[in-house]
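Same chain, two partners: chain A is paired with chain B first, then with chain C.
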Partner chain A sequence: MGADKAREESDLVRVLELTEEAVRLKLALGDTIREGTFAFSRQRYARGPHAVSETQYDLNTMRATTKISATPRSIDGPSGVSAPRSTSYTFNVVETPFEPEPEPEPEPKPAARSGKADDDGLRRRPKVKTNTEKFLERMEALGLRDQLAEVPREADRDDGKDDDASPPPIDIDAIRRKLGPRKPIHWFGGLPSPEMRSAEAAFTRCVQLCARVAEVESELRALTARARVDAVQLHEVGDPS
Partner chain B sequence: MSNAHASGLDRTLHNLKNGFLQGVLRGCHRGLLSTHDYSKLMVCETLDDVKTLLCSTDYRALIQDLPSPLHSSTIVSTCTQKMVNDFNIFRSQAGEPLGAFLDFLTYGYMIDNVVLVVTGVLHERGVHELLQKCHPLGSFDSMASIAVANNMRELYRMVIVDTPLAPYFSQCSNQEDLDELNVEIMRNILYKAYLHDFMKFCEGVGGVTATSMMDILGFEADKRAITITVNSLGTELSRNDRGSLFPELGSLYPDGHRDLVSCNDFVQVQATMEMYLSYEGFGTGLIQTNDKPLEKIFSEEKMKKCQSAFKEQFNLASFYAYMKMREQELRNLMWITECIAQDQKHRISDGLINVMND
Partner chain C sequence: MATEGKGALISVIGDEDTVTGFLLAGVGEVDVRRRTNYLVVGDKTTTKQIEEAFKEMTSREDVAVVLISQFAADSIRYLVNEYDKPIPAVLEIPSKDRPYDATKDSVLQRVHHLMGAEDAAATTTATGAR
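Let's turn to the complex of A and B:
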């Protein structure tokens, strides 16, 4: 009985500490978000009102490489049986490495093509299948298809130009396979300014703070759930019937 | 003919050709926001208060019908039209060489617009949406065709060849992959060629115009060299590529450029700046902080040069100076409205730069 009382008291102290930490973390999260947003304002001040806007978002390579892994930690009840919803979690921010997709086999060159040198210096690219159709299907599933500009397909162009005479169009998919998913900071320019780097640092801290807040709140929930179960059990034991 | 007599003749001839527009210019200059206006803007609580205050300035005709809810970008885009209207007044009545000089002012905006549309098309954005974001002073007829071009050669043939940027674009023809870094390289190469061309034109005009513009464009070149260096730290841009983007003008050329190319961190960049830059506003111990970022330091110095150029008489540089002052005023408005929108009014003075020097 004395041991249970001591454990209850320590749980209560822990709950108070966690509550204080949760409030502190949430305030820090709000400040960090404000700091990152203000860094965007400094970038707009330096480069113009459209320097940071949704027009720079790259919908094609937007892929989440920063993830949060949740590892459960169970908190057992006094009878040794786990109380419902008494599992706490540890959240860790994980950077998943980029795994480049293998390049598809290039189609064999047609016999009609001669060894004519490309005199404008642009390297000839092997014809490869693009992922445009897959991308369009994905956008349709998300309901964003109508936001895409209609890009004239190669087959639809009827300008009478001989494709062999001009270099083939730039294969955006091949470029993206080579480069991998770009960090979001590069959507706004290839040479990021100090303001954008400061925004990136702030929002990276935000992700870590979110993980920490979730961890604290999960432990709070677990402790409160255990305290509720203990109270119910104590009531049952103390019931004369 | 003595030099004094020759310069007096130049001044008379200048007034004969450009006297009326100089008068209009001085009148427009009086319409810039004063220190008193900024102090009233700094105490505004909401963007509607900003709009009310701007209705008592030269922006009244443009901003009074702006509907709520207001956004900072909307206010600034609307006020930008004032700058465009002033420019159109000057351009429509300008003779030569003032007309060609004013055209040079628009080429920088054209370069930014081309890069904006190319980047947006790469990110699968709609052309109509992108054209709305373009700066009006840099608009040209075939801008919408940028989206149709599939590679750099088509971009040049279909769009750029009929624009004044054509001579500058020939240096970019070897760029193949249109990723963000190469687009940024393209922008800097275009701007470098533009600065050289503008400087050459001003030297041809001669007189006070050449003297003032050499000072201003030299400073612009120094600023770009330092900005490129700072922004390229920690990126894939090689040192050779970095050096090739620096305009060959200004106090830093050529020794400072050599040092900047080899810089690996901001401390080395600062050391190079202190060694080679002797501008009035740059003292020793130049340190970038959150309260005084590098951009603000450069903008303050640029405003000082523009104010000096504006005080000179009988020259074309005063038109350039006015347009840059108006541009800085729009930046100030952007800063103030962003601070108010984000409830950071205590930071308004961090980014505010005095334009009028009153």
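Let's turn to the complex of A and C:
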């Protein structure tokens, strides 16, 4: 009974310490966030109201390079005091470098249809039908070949080029994927201004502070959960029925 | 678990400047299904949208921490208060024009209630011992 009382008292002292630290960290977090948003305001003042906005987010290649890892740890009472185990988490910021997406594997090309035996081992470009050949095939399929007054003269186009060839459309998304994701600061301009660098530094410190706050609150949750269990047990013991 | 080792994502629910700032720090992610780990709360954002985003982010296995501005948390206070999972951890953060209010923080409220419960239990025990 005495040991439990000692543990409860130490838990209570720890809860008060953690509460004070949590409030202090959150006030510091608020100051840092305000510092970053002031930098955004300076950027908007210099470059216009839309210099920093949601419309500039790069949704095609946005990848998280700042992550957080949560490692469980148990909270034990003072040495020599038996205590029910509670689990809290340690949070650490993890910086991951950019990893460009792997290019999709190209589809296997169909085998050459040269009509000749490939005994010599050479690969031949497949014969491309001319527009006239396509037209004649279509007429034959419709059964109208005989009605043609004269067979259209075939153009001597054996170079494989199609009359209707048009340049392939440019796939901007594929080019961006190949280049890889950009750092977020470059979404807002090719040459980041000092204000944007200042904002980036402020919010990077915010992420570190958030990890620390998460750790403190995790321990607070574990201690309050354990204290709640103790309070219920104490109430049951004190109940005359 | 996705939260150990290589790390897990940090989700953000807040105003435009707060979200932009954390994205600038490199926490933003858009997956192949065009699903984001952030929500910008503006004048036209409804409570239902905030609620759905909060539920989605707290149920994802690749998210370790959910940062939510206190003004957004106030609009879904019932959801934030009843959330009690250790991971993902939900942190209420201040925003640029609304300073941090410790009396509304769900974790600190829980501590406050606990203090009150402990006092009541101690009083009951002392009364029973007489």
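To be clear about the criterion, the second predicted complex is superposed on the first by the 139 of 241 C-alpha atoms of A that agree within 3 Å, B and C clash if a C-alpha of one lies under 4 Å from a C-alpha of the other, contacts with A are read in each partner's own complex, and residues count from 1 in each chain.
Basically, a residue touches a chain if its C-beta (ideal position, glycine included) is under 8 Å from a C-beta of that chain, and two chains touch if they have at least 3 such contacts.
Predicted model, so just to flag it, every value in this text is computed and none were measured.
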Next item on the list: Identify the partner contact of A:7: answer first if only chain B is touched, second if only chain C is, both if each is, neither if none is.
Entry: neither
Next item on the list: Check whether A:53 is in contact with chain B, with chain C, with both or with neither, and answer first, second, both or neither.
Entry: both
Check: Where does A:212 make contact in the superposed view: on chain B (first), on chain C (second), on both, or on neither?
Finding: neither
Next item on the list: Classify the contacts of A:37 with the two partner chains as first (chain B alone), second (chain C alone), both, or neither.
Entry: both
Next item on the list: Spot which of chain B and chain C makes contact with more residues of chain A, would you?
Entry: C
Check: Touching A:189, do we find chain B (first), chain C (second), both, or neither?
Finding: first
Check: So, does A:45 touch the first partner chain B, the second partner chain C, both, or neither?
Finding: first
Check: Does chain B (first) or chain C (second) touch A:227, or do both, or does neither?
Finding: second
Margin query: Taking the stated contact definition, name every residue in chain A that is touched by chain B in one complex and by chain C in the other, in rising order.
Written below: 34, 37, 53, 57, 59-60
Next item on the list: Show which residues of chain B lie in contact with chain A when the two form their complex.
Entry: 72-73, 76-77, 112, 116, 119-127, 129-130, 133, 135, 147-148, 150-154, 173-174, 176-185, 227-228, 230-232, 235, 237, 288, 293-295, 331, 334-335, 338-339, 342, 344, 347, 351
Checklist line | Complex contacts: residues of chain C adjacent to chain A | finding: 3-10, 16-30, 34, 36-37, 40, 64-65, 67, 84, 86-87, 89, 91-96, 99-100, 102, 105, 107-108, 110-111, 114, 117-118, 121, 124-125, 128
Notebook entry, point to check: Which of the residues in chain A come into contact with chain C in the complex?
Noted result: 12, 15, 19, 22-23, 26-27, 29-30, 33-34, 36-37, 40, 52-54, 57, 59-60, 62-71, 87-89, 91, 93-96, 183-185, 196, 199-200, 202-204, 206-207, 210-211, 213-214, 217-218, 220-222, 224, 227-228, 231, 234-235, 237-238, 240
Notebook entry, point to check: Which bits of chain A are touching chain B when the two form their complex?
Noted result: 34, 37-38, 41-42, 44-46, 48-50, 53, 55-60, 120-123, 147-149, 152, 166-167, 169-170, 172, 175, 179, 182, 186-187, 189-195
